[in-house]
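There are two complexes below, and they share chain A, which is joined by chain B in the first and by chain C in the second.
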Partner chain A sequence: MKETPLSNCERNFILKAIENKERLDGRQSYDYRRIKLEFGIDRGCCTVELGETIVMAKVSCEVGQPKQTRPTEGFLYINVEFSPMAEAHFEPGKQTEQANEMARVLERCLRDSRAVDLESLCIMAGAKVWKLRVDIKILNYDGNTIDASALCSIAALSHFRRPDITVSGEEVTIHSVDEKDPIPLSIHHLPLCVTIAFFHQGTYCLTDPISREEKVMDGKMIIGMNKHREICTLQMTGNMLLNKEQVLRCTNIATVKIVELNDVLQNALSADEEARSSGKPYGTYVADFRKVTVKAAESPTHSMSEIEEEARSMQLDSDRMEESEEEVVENVVKNSWLLRIKESKANEAQKVKDTICSEIDEFLTTQREMSDLQQQSIVNNSSKNNGAKGQDQDAKTDTKRKRNQNRPKKKPDTQSTAKGESLDSATSQTKKSKGKRKGK
Partner chain B sequence: MAAWELLKDQNFRLDGRKPTELRRIETRLGVFPNADGSAYLEQGNTKVLATVYGPHEVKGGRGRSNPDKAVINCQFSKSAFSSSERKTHMKFGRNSSETNQHLVQALNAAVMSHLYARCQIDVYVEIVQSDGSDFCACLNASTLALIDAGIALKDIVTCCSATIVDEKSVVDVNYVEESSGSAVLIVGLLPKDEQIAYMQMKGRLHADHLEKLLDCAVEGCRNINNILKERIGEHLKTHSSHFTLTRPATPGRAERSRPAIA
Partner chain C sequence: MCDIGDIVLPGDKIDNFVQSKGKVLLGPGLQRDGEEVIAVRPGIFKYREPNIYWIESHQKRYVPSKDEDVIGVVTNAKGELFKVDIGSSEQASLSYLNFEGATKRNRPDVKNGDLVYAKLSIADKHAECELTCVDRDGKSKGKGCLPDGGFMFQVPLHLAHKLRHPDCPLLKYIGKETAMEVIAAMNGRVWIKSRSARETIAIANAISAAEFLNYDKMKDFVDNFMNELYLGSS
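Right, the complex of A and B next:
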């Protein structure tokens, strides 16, 4: 069945409404619809309702062979399916361009921004890795499926637990859930997508367009971002022309919206965790965020300038915090990143300094002991002298061991993540190192 | 993987370029006699062939034709021997179908498609050798091919990539820089009005750095545009016998080769 086109009358009506800053469902230009997150009985299953749009994501994993070029990396594959139940013109089992593009944007957002730590999925280097697969199904279509499925898939990934394994030699045992507690994935940051639709050659823009607005729009800008204001993906689609200012304005809008979406996601995850730990509704838990949107609807007009000011104030806040730490740098707005790196380097230097100091102290004390012992030995007889040397050697090896222990701490990963919120990064790192050792 | 030092202390990149320096661009127009328009483009070690057929009648059912404007159809492919690892790239896979879509998007912005209502324009692009910035080279080559085919364009749409290395934005990214894992921004630009027709970014980048990176990519696009314009001028000078003042401009070469009726 073919998609039913909009009549010219309706098209003009929608455009006219947008010109007057009004929308069909009474929202303001930059408001999101009601968001509802629902987790399934199984781990790694999540349903997101964004107004009338319903998206379901299910994470699954299996053991497979890694690529030869990347022997220690697992896989993350995202599959998007527009089911015919969502809208009549979606054909079953057909890879449409729309689904294809969505899957690619999500892959860039989740995988290429290294949100999911693929190296922690390694079981045996070059032989066995975990292959993650996120299946996204559009259950009902009413526009803005990308934002909904980005939220859905990152929620499902953070909710997912993979089975625990033990490796002995070449043999890998996968434990069932009853045997050993399954392990959460290590996720470094939570990227989410914000879609901004453009109308009238980019003069008017809206977030979270419904399907009728999508039919009228010139094009859209998809921005994937995390709460640290790091852009994870950026994609412009449709037939429209933008200038630089418009692009930067989009990122400002996205900054504000991402904070909202991020709160929704974290609240939903903690609410689900609470429900599960209290044990009463084992299985589905509904996290309803109607209040959030109702509040937004009651608040006076979310005009463009207001949102931009909010973004700017957020920017300034983050800068001010760093300024208090190091006031010398003048242009903090541009150098905030640099500062962060500097700060971490200073910490690093302090750590190194501390370890060196402690080593020197240790060395001095052992020397003192040694000289004491030597004096004793001179006073007494030569047979004890050997024993003292033996002790001294022991002490030396001790310090060496300590130095080796310190070494990995000396070079924390400064580049890869700036103060990543990493849900379980500490545990995951130890797991990673274990995995590698097993691999060798 | 061994980490490369992408920017040496004297501000030189691995291949000896300055951060804002483009790679050498070589172009040839009209490389295939059968096609209506064709071009060959080298951007450093990235080598691309593009051919254009059309405007012609819409193929594959009447339903696809548009009564208001032309339908542009792009077919991107990457040869098996183009990268260091020999592998056959799926012609109808996810990645190439995405690239096709993006090429169509960028070319739609440039082609004056209302002049070719109910017509179809086919653009076939083949990567012969790949060394980073593949999409940019493809788009630049297909623009040249469209020009060679004599299809009316609003502007020469040019494309350029940029990335950040050691806090510095670096233009026209090569393979090593591309695979280093830092954010890569691709911008397709209509240089006359400085309008962005295509934009994509992958990797992770702080929002404060976007403006810097965008400026860098746009500057790269402008420079590429200047080079391409110069090359097109040179080509026209040497092949000016095709372009006499008396003959009206015809859309395709197929018609051009026919004897003109007085």
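Right, the complex of A and C next:
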């Protein structure tokens, strides 16, 4: 069966509503939907409801042979499946692009950031290791499956207990649950994902998009991060360009949201522990984010409220950016990712970012050089012809440049103009920062 | 065993029909199994004059049936037959001549992605469904392309049926609060147009939230919902 197409009327309405800072379910731009975490009777089974989106993850383990190149490391394998129950156009057993992308993002987020200690899964070096497998199933689809499944899989992994083993010589005994208590996995940190959707070429951005918003958006950025503000994954998809400042702002928004999601996860895990110790089969936890954010804004004692307001105030229209904000951004850069990414694998994301940034920089410098050359030639020509005229021309170009800098950014109509404008704004900002450095 | 308005589960025997004389019509959710009638769906057992019985259950998937009014999205507006998605398993077709005032020379202005409100003229299990936007006299009677500026959303089928029921006062109450145009179609699609985006979102949420409300609770619900949640705070 074919996917239900989005009509022009829905598309236009959603875009118009977003321009007026309205969303279809009455949320604010950066609000999450209601989150419900429910653990199964089995260890390592978790269901997350994010609004209408429902995701289930189940962790299982088996003993297998390690890779020859890494004889002391266990495995973590992630499998994502879109069930036809979620939406009629998902076909069972078919590996779709969407499922592959999700599995890869989650692998990068969980395995490549070394959230789970794979070395501790080694039973006998070079011979036997534990192989972990996370099966994620999308039970109902209403957008933002990545955030839900990242939360779900890390919750399931932290909830999981593997059977205990004893090694005597060459012999390995796997104890059943009755003989010895199963042991939890050693998890170093809890990486979570935040998806930010972009509209009107990055002028408007929303977290936690529903499926209709996802169909309309120009692109999205998935940021995997833990509560220590260490970025584990960063991926952007879609037909659009962002400048460096926008990427930074997105990470700022993500830091706030990650703290909230992390609280949800911790509370859910402790709620489950409590329920289990009091004799109930499993625990559930519900967080309504609309209430949480309101509370956070009201109480000044809340430690994250400052950053939250910061993130809220940081809109993506680049003309609203002021120097103080720039400093804040610079500080955040220093604190958060440039210095704090320690894991070698997490550098992958960094490299991609660096290459993009350097490419943009290169482009900008060449552009600047070109314009300088042009100006020089103009000046030269005019000074040759007429000295007085040349000065006039020089002044004109100066005013032109100023006008360019001061020109307010209107919302871009087409992609090409958007490209030009975003680069334009970047040039003006790099010029500013250069001037600053000189001043210092 | 079970009365009208009771909740039935698949496998339940149904034997107390109101009238034993005349032909009994079994609607969705009921099946004859030899001498007895059993329920094959979970839901509410319903009855209508003169002798029609069916089970109303939660359903999102639309199964086309003849003479029903549906809202469709045009997916291919080329050629003589437009392809229209009506939310069923297969797309329906709509001839360009089946619009009011359309002739071979005067082609209606329909683009891909446009919404049409149409009636199913042919709905068959084995053949493609056909739509029409005119009645027998060639008049549109509100059918045809829907104007720009509205918003369409999907609700469960039983809610759409409820909205279309002449006794249902929900839309009347919402209409008292604010000016709007609304179409609730049998395939669970509801199209609304009001003065602003904010109002439209409020109305859409009010309609979706009224899924399990009784008729007598609707007035208070609409008052609270429209005033406090949306319009009051603006």
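Before moving on, here are some points about what is shown:
Note that in this section the second predicted complex is superposed on the first by the 279 of 440 C-alpha atoms of A that agree within 3 Å, B and C clash if a C-alpha of one lies under 4 Å from a C-alpha of the other, contacts with A are read in each partner's own complex, and residues count from 1 in each chain.
Everything that follows uses one rule, which is that contacts are C-beta pairs under 8 Å (C-beta built on N, C-alpha and C of every residue); 3 or more make two chains touch, one makes a residue touch a chain.
Model, not experiment: these values are computed from the prediction.
Considered on the superposed chain A, chain B and chain C are sterically compatible, since they fit side by side. By the touch criterion defined above, A:1 reaches chain C but does not reach chain B.
In the superposition on chain A, contact of A:104 is made with chain B only, not with chain C. By the touch criterion defined above, A:25 lies against chain C but remains apart from chain B after alignment on the C-alpha atoms of chain A.
Within the superposed three-chain model, A:172 lies out of touch with both chain B and chain C [touch as defined at top]. After superposition on the shared chain, chain A has more residues touched by B, the comparison being chain B against chain C. Once the two complexes are overlaid on the shared chain, A:10 sits against chain C while remaining clear of chain B.
Contact with chain B, but none with chain C, is seen for A:229 once the two complexes are overlaid on the shared chain.
By the document's definition of touching, of the two partners only chain B reaches A:251; chain C does not. With chain A fitted onto itself, chain B and chain C come no nearer than 11 Å, counting C-alpha atoms only. Common to the chain B and chain C contact sets on chain A is no residue at all. Of all the residues in chain A, the ones that touch chain B in their complex are 69, 95, 97, 100-101, 103-104, 108, 112-114, 221, 225, 228-239, 241-244, 247-248, 251, 255, 315, 333-334, 336-338, 418. Contacts from chain A toward chain C in the complex involve residues 1-2, 4-13, 16-17, 20, 22-26, 88.
By the touch criterion given at the top, residues 85, 94-95, 97-98, 101, 105, 108-109, 167, 181, 183, 185, 190, 193-211, 214-215, 218 of chain B touch chain A in their complex.
Per the touch definition, chain C reaches chain A in the complex via residues 61, 73, 75, 85, 87, 89, 91, 111, 113-115, 146, 148-153, 191, 197-198, 200-202, 204-205, 229-230.
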